[in-house]
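Just below sit the structures, each encoded as structure tokens.
Note that subunit A is present in both complexes that follow, paired respectively with subunit B and with subunit C.
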Partner chain A sequence: MDWPHTIVDREAWHQAAERLRSTEWSLLGLWGEPGVAHMAVMQAGQCALLSLACEENRFPSIGRLHAPAIRLERAMRDLYGLEAEGSPDARPWLRHESPYPFLPVEGESLHQIPVGPVHAGIIEPGHFRFTANGETIVRLEQRLGYVHKGIESLMAGASLEGAAKLACRVSGDSSVAFALAFAQAVESALGVEVPARAVWLRALAAELERLANHFGDIGAVCNDAAFALLHAHFGLLREHVLRAAGACFGHRLMMDGVIPGGLQRDLPADGERVLLELLALARKRFPELVEVYDDTASLKDRTVDAGILSPVLAQQFAAGGYVGRASGRKFDARRTPGYAPYDQLQFEIPVVQAGDVNARVWIRIQEVGQSLGILEQILRQLPSGPVCEPVARHAGEGLALVEGFRGDVLAWVRIGDDGRVERCHLRDPSWFQWPLLEAAIEGNIVADFPLCNKSFNCSYSGHDL
Partner chain B sequence: MRRLLFKSLVQGPLTEAAPAADDAAVAQLAAQVTAEARKRLGRTLAIREVDAGSCNGCELEIHALSNVLYDLERFGLRFVASPRHADVLLVTGPVTANMRQALERTYAATPGPKWVVAVGDCARNGGIFAGSPACVGGVGKVLPVDLHIPGCPPDPTALLKGLLALLESSAGRSQA
Partner chain C sequence: MAIAIDLLVQLVQMSVVLALAPLLTGFVRKLKAHLLRRQGPPLIQPYRDLLRLLRKEVVLAESASWVFRVAPYLVFAATWVAAALVPTFATGLVFSYAADMIAIVALLGSARFMLALAGLDVGTSFGGIGSSREMMIASLAEPAMLMVVFTVSLMAGSTQLSSIAASMQSPEVGLRVSLALALVGLVMVAIAENARIPVDNPATHLELTMVHEAMILEYSGRHLALIEAASYLKLLLYISVIACVFFPWGIAVSGQGAAAYLAAIAVYGVKLAAGGFLLAVFETAIAKMRVFRVPDFLGAALMLGFLAVLLLFVTRAG
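Entry: the complex of A and B
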């Protein structure tokens, strides 16, 4: 990906905040390293990187003008001691050493419901503080960071192989997306030309990952609306995808398959047959299940008009994935800025305006259809040849934006002269989706929270790093 | 909807039949868990899952245990919503510093006799996250671990095999 890297002064940094506030630019990421703040933005489909040297570890707050930056700035202070001057929220975020002051709530007949970090289901940990008036939620405040593993500190000094493995484990459900984003950033830093077959097989793995997650999550949303039948059927489809992924890439979640330079290994001899069978099965079963979803009034009764996210907020937060596309934001990193082989593939980017749970499910249903089409095209056009190119060891810096199932994953890496990672930042799409869940849930009843939450399905691990 | 329901009437169960010879691990578990679990705990083993810092890969595979192909409950194993209802804590992740206290509290809320199963490579010693100042480094640093199920993440069959091993090894233990 071509992207200009500009070293800016405080004034230019401040102007960037103004451009973000006016939504002329979109915020792709904001992160730190000792003494330096970095910001990735997108303007008219073009990515750019801005860096500011922080005198006395201070920089002008972006969050003061542009709310989506607030949590990122809190994380920068926790991880690197960088202070965002004028930030509207100076509380710690990823560090949990001191007692946490929740926002004050005032009003008549309000009560609070604290939930988590350990939840009732098999879910990642996080804390939700509901303030309710009767059944109605008047405010949700999230507290995250429970699964903060210090991934950026482990990345610093890691070998490229070690860092690629870490990237796969930033958020296990998006293993391919993170590995791909990291690999593309490294390849851009070192000027590696990835063999054509690897480029196509990477897209194949990425679309399988999208399918598996969409199947699993559509079913899980139905389950949270007490419709277990579809959960069972979609769970079966997901399992078929995982088994095909295991047969083709040696790992059900396809971890460690995508590496800088290409792929760990080629498809096995029967790989294409396994995939064609999977596609035939999905083409047959999926429409029947969608019909049930669409024709079941009791299910629609729960999903329509629940958890509405306004297009204005989706735009402001540059919400990626189905969260953004269900609220009118037509953005997909496979098209903008775009990367191979998607420029040679036919697919649509579904978008609707409604912004409710039903819209998010519906976008994912449409995306399943598009992914099936993409997989069929890939299998028809799969080039032959090697799947890995040796990676030279020298210094460089790279940025990449990849579309995971949840939305756009940003990767930035700086490699030292010894060929090891100096610094790496991986930004999960959840950073810009979690705050929107707080907004979308307002005015809904407490009992609808699991349903709304699942329709967002933000990553805790990807966010907590 | 009618078509789907009709199909399930004529199609028979989707749950994989207990195979006879080569791929017999799952079938073996079906027979043995029933016998062991009945003796020790009535007919069921209640499991409370705790994510103590995993990447969520382990959770995905633990979830898969409940799909129609593995159908965990036929073995007498089931997931419960509260540690107060649990016999087993199934713990994933390298145990982050931020989850340590919640994990200890969950353990304290679980009535005895209880077992702790550490799931996945990072639950053993921190795995790929070992050495991070943000991680305690393995479930064993915080709780007494009865069994470790390796894998990154372990697949559903490996998880089932591990839970059986727990039943066997706990057979001689006195009630806490």
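Entry: the complex of A and C
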């Protein structure tokens, strides 16, 4: 991927904020390292990187003009002590030390419902503070950072192999997406040419991951409407995908399969047969289940019109994945900026405007269909040859944008002369989706929150870093 | 001597409902699991749960008052007494002369009232949510239930379940539209009262969507065991009421021999199994409705009750 890296001054930094506000550019990421602030933006389908040296650890706030940057700036201060001048929200975000001041709520007959960080179900920790008027939610405020692991500090100084392992573990459900983003960034930094077979097999792994997660999500949304039937059947489908992934890549979640330079290992001898069987099964079962979803009026009654996210907000926050595409934002990192082998594959990017829970389920349903098609094409055209290219050890800087199941994963890496990672930032799509959940839930009833939340299915681990 | 036998029947009946109630819940859970192609917990799991809870210590919230501690006993007692008033396998229960169907509604209403108080008592937000939702449901479910009671009582000329069951078995009742409407209304009320899908989800872990479970979130140990036992009993009670009023065949009449009683118990078991089976199938085929749709659902039950009573007078006049 070609991407210009510009060292900017405060004036140009401020102008970038203006451009972001006018949605001329969209924000891909905002992160720091000691003394420097970095910002990745997308302008007319091209990624660009801006860096600003922070005198006295201060930089002009982007969040003041462009709200999606606020949480990123708060995280920058917590992690690197970089102060955003004029930021509208100076509270800590990832750092949990002092008692957290929630936003004040005033008004008659309002009450607050604190939920989490420990939940009754098996999900990750996060705190939700609801302010409700009876059953109607007036405001939701999220408090995240409970699974902060210090990934960026662990990355600094790590060997490429170690860093690739870490990248896999940023968010376990997107292990391939993160590993792929990291590997592409490293390859762009070091100028590595990845063998063709590895490029195709990486796409295969990425689509398997998308399938498994979409199956799981569709079932889980139904389960939150107490429709356990579809949950059970989609769970079964997901299990088939995971087993096929385990047979082909040696790990059910395909951890450590993708490494800088290519793949850890080639498909086993019976890999293609396993995958063809999986595709045949999914092609047969999936339409039947979709029909059940579509024909169950009581289920549709819950999902239609619940948790509507307006297209304006989706555009402003540059929301990736099904969240954005269900609210009219036609963006897919596989197309724009695009990467191999997707330029040689036929697939559609489904987009709808409704923005409700049903729309997010439908986007997933259609993406499953597209992924099945992509997998079939990959299996037909899979080139032969080696799957790994040795990686040279020298300094370099790389940026990559990869489409995970949740949305676009951004990876930036700077490698030192010794071939070790100097700095690495991995930005989960959830950074721009969590705030939208707060907006989408407003005016809904308390009892519909689990359903809306599941339809977003944001990552806690990927966000908390 | 006759009184002694009647007392014995009453006692046997009270023990039978208590003994069977967990099995019925276990049966429904097992069936639901099978419908989802899962193995499911063993049939006797509810008994084990109760035993486990009874052995565990009670953890009380600091803000809990005596209301919270007393409520489980009252809830269980009221529900058990109500269940004892329903002829399950034999009519002519001694207790049923002391209390009728309206008393059953009142007993269940008191149990619910205590539980809602207990939910509010600890002062957690989930308890409050649960109690307020439960009361919203109750305010429609109870009148609907009463309308159904009026319908069948007007037909049978009595509010006593034993007499109603006896009169429903007699040939002059026949098929009537009112009966069908009342049956549908009662089934809807039963679903809402027992916190089943689509009104509530007994298996959910999502605190924000709970109704019944939200009220009892703070309970533990023997308190929780009593409340769980009461909800098992309540499910059995409603299926028994439906069976006894609308499908009274096979109920033993007072004064018959031991063989008749045994046969009646077997028939009763079959009825319960059929009720549990229908419940499991229905719950699997439907999603939970939005909380604010519940009044529509119960409003329909209430209207059906009204219509049933109305039609009764219209057809009688004709």
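In this text, the second predicted complex is superposed on the first by the 465 of 465 C-alpha atoms of A that agree within 3 Å, B and C clash if a C-alpha of one lies under 4 Å from a C-alpha of the other, contacts with A are read in each partner's own complex, and residues count from 1 in each chain.
Rule of thumb we're sticking to: a contact is a pair of C-beta atoms (placed from the backbone, for glycine too) under 8 Å apart; a residue touches a chain by one contact, two chains touch by 3 or more.
This one's a predicted model, so the numbers in the text were calculated from it and none came from an experiment.
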Overlay on subunit A: subunit C relative to subunit B, clash or fit: fit
Subunit B versus subunit C as contact partner of A:232, first or second or both or neither: both
Subunit B versus subunit C as contact partner of A:145, first or second or both or neither: first
Touching partner for A:273 - first (subunit B), second (subunit C), both, neither: neither
Touching partner for A:296 - first (subunit B), second (subunit C), both, neither: both
Contacts of A:283 with subunit B and subunit C, given as first, second, both or neither: neither
Partner chain(s) touched by A:58 [first = subunit B, second = subunit C, both, neither]: neither
Subunit B or subunit C, by number of subunit A residues touched: B
First, second, both or neither for A:173, with subunit B first and subunit C second: first
Touched partner set for A:120, first subunit B, second subunit C, both or neither: both
Which of subunit B and subunit C A:265 touches, first, second, both or neither: neither
Overlay on shared chain A, then closest C-alpha pair between subunit B and subunit C (Å): 5
Overlap of subunit C and subunit B interfaces on subunit A (superposed complexes): 120-121, 229, 232-233, 236, 296
Interfacial residue positions of subunit A with respect to subunit B in the complex: 94, 96, 117-118, 120-125, 145-151, 153-154, 165-166, 169-173, 175, 216, 229, 232-233, 235-236, 238-239, 242, 246, 252-253, 255, 288-289, 291-292, 295-296, 459-461, 464
Subunit B residues within the subunit A interface of the complex: 1, 3-4, 14, 49-64, 66-69, 79, 81-83, 93-94, 96-99, 102, 105-106, 128-129, 131-135, 152-153, 155
List of subunit A residues in touch with subunit C within their complex: 111-115, 119-121, 134-135, 222, 224-229, 231-233, 236, 296, 298-299, 301-302, 445-450
Residues of subunit C defined as touching subunit A within the complex: 32, 35-38, 125-126, 128-129, 132, 197-198, 201, 203-209, 284-293
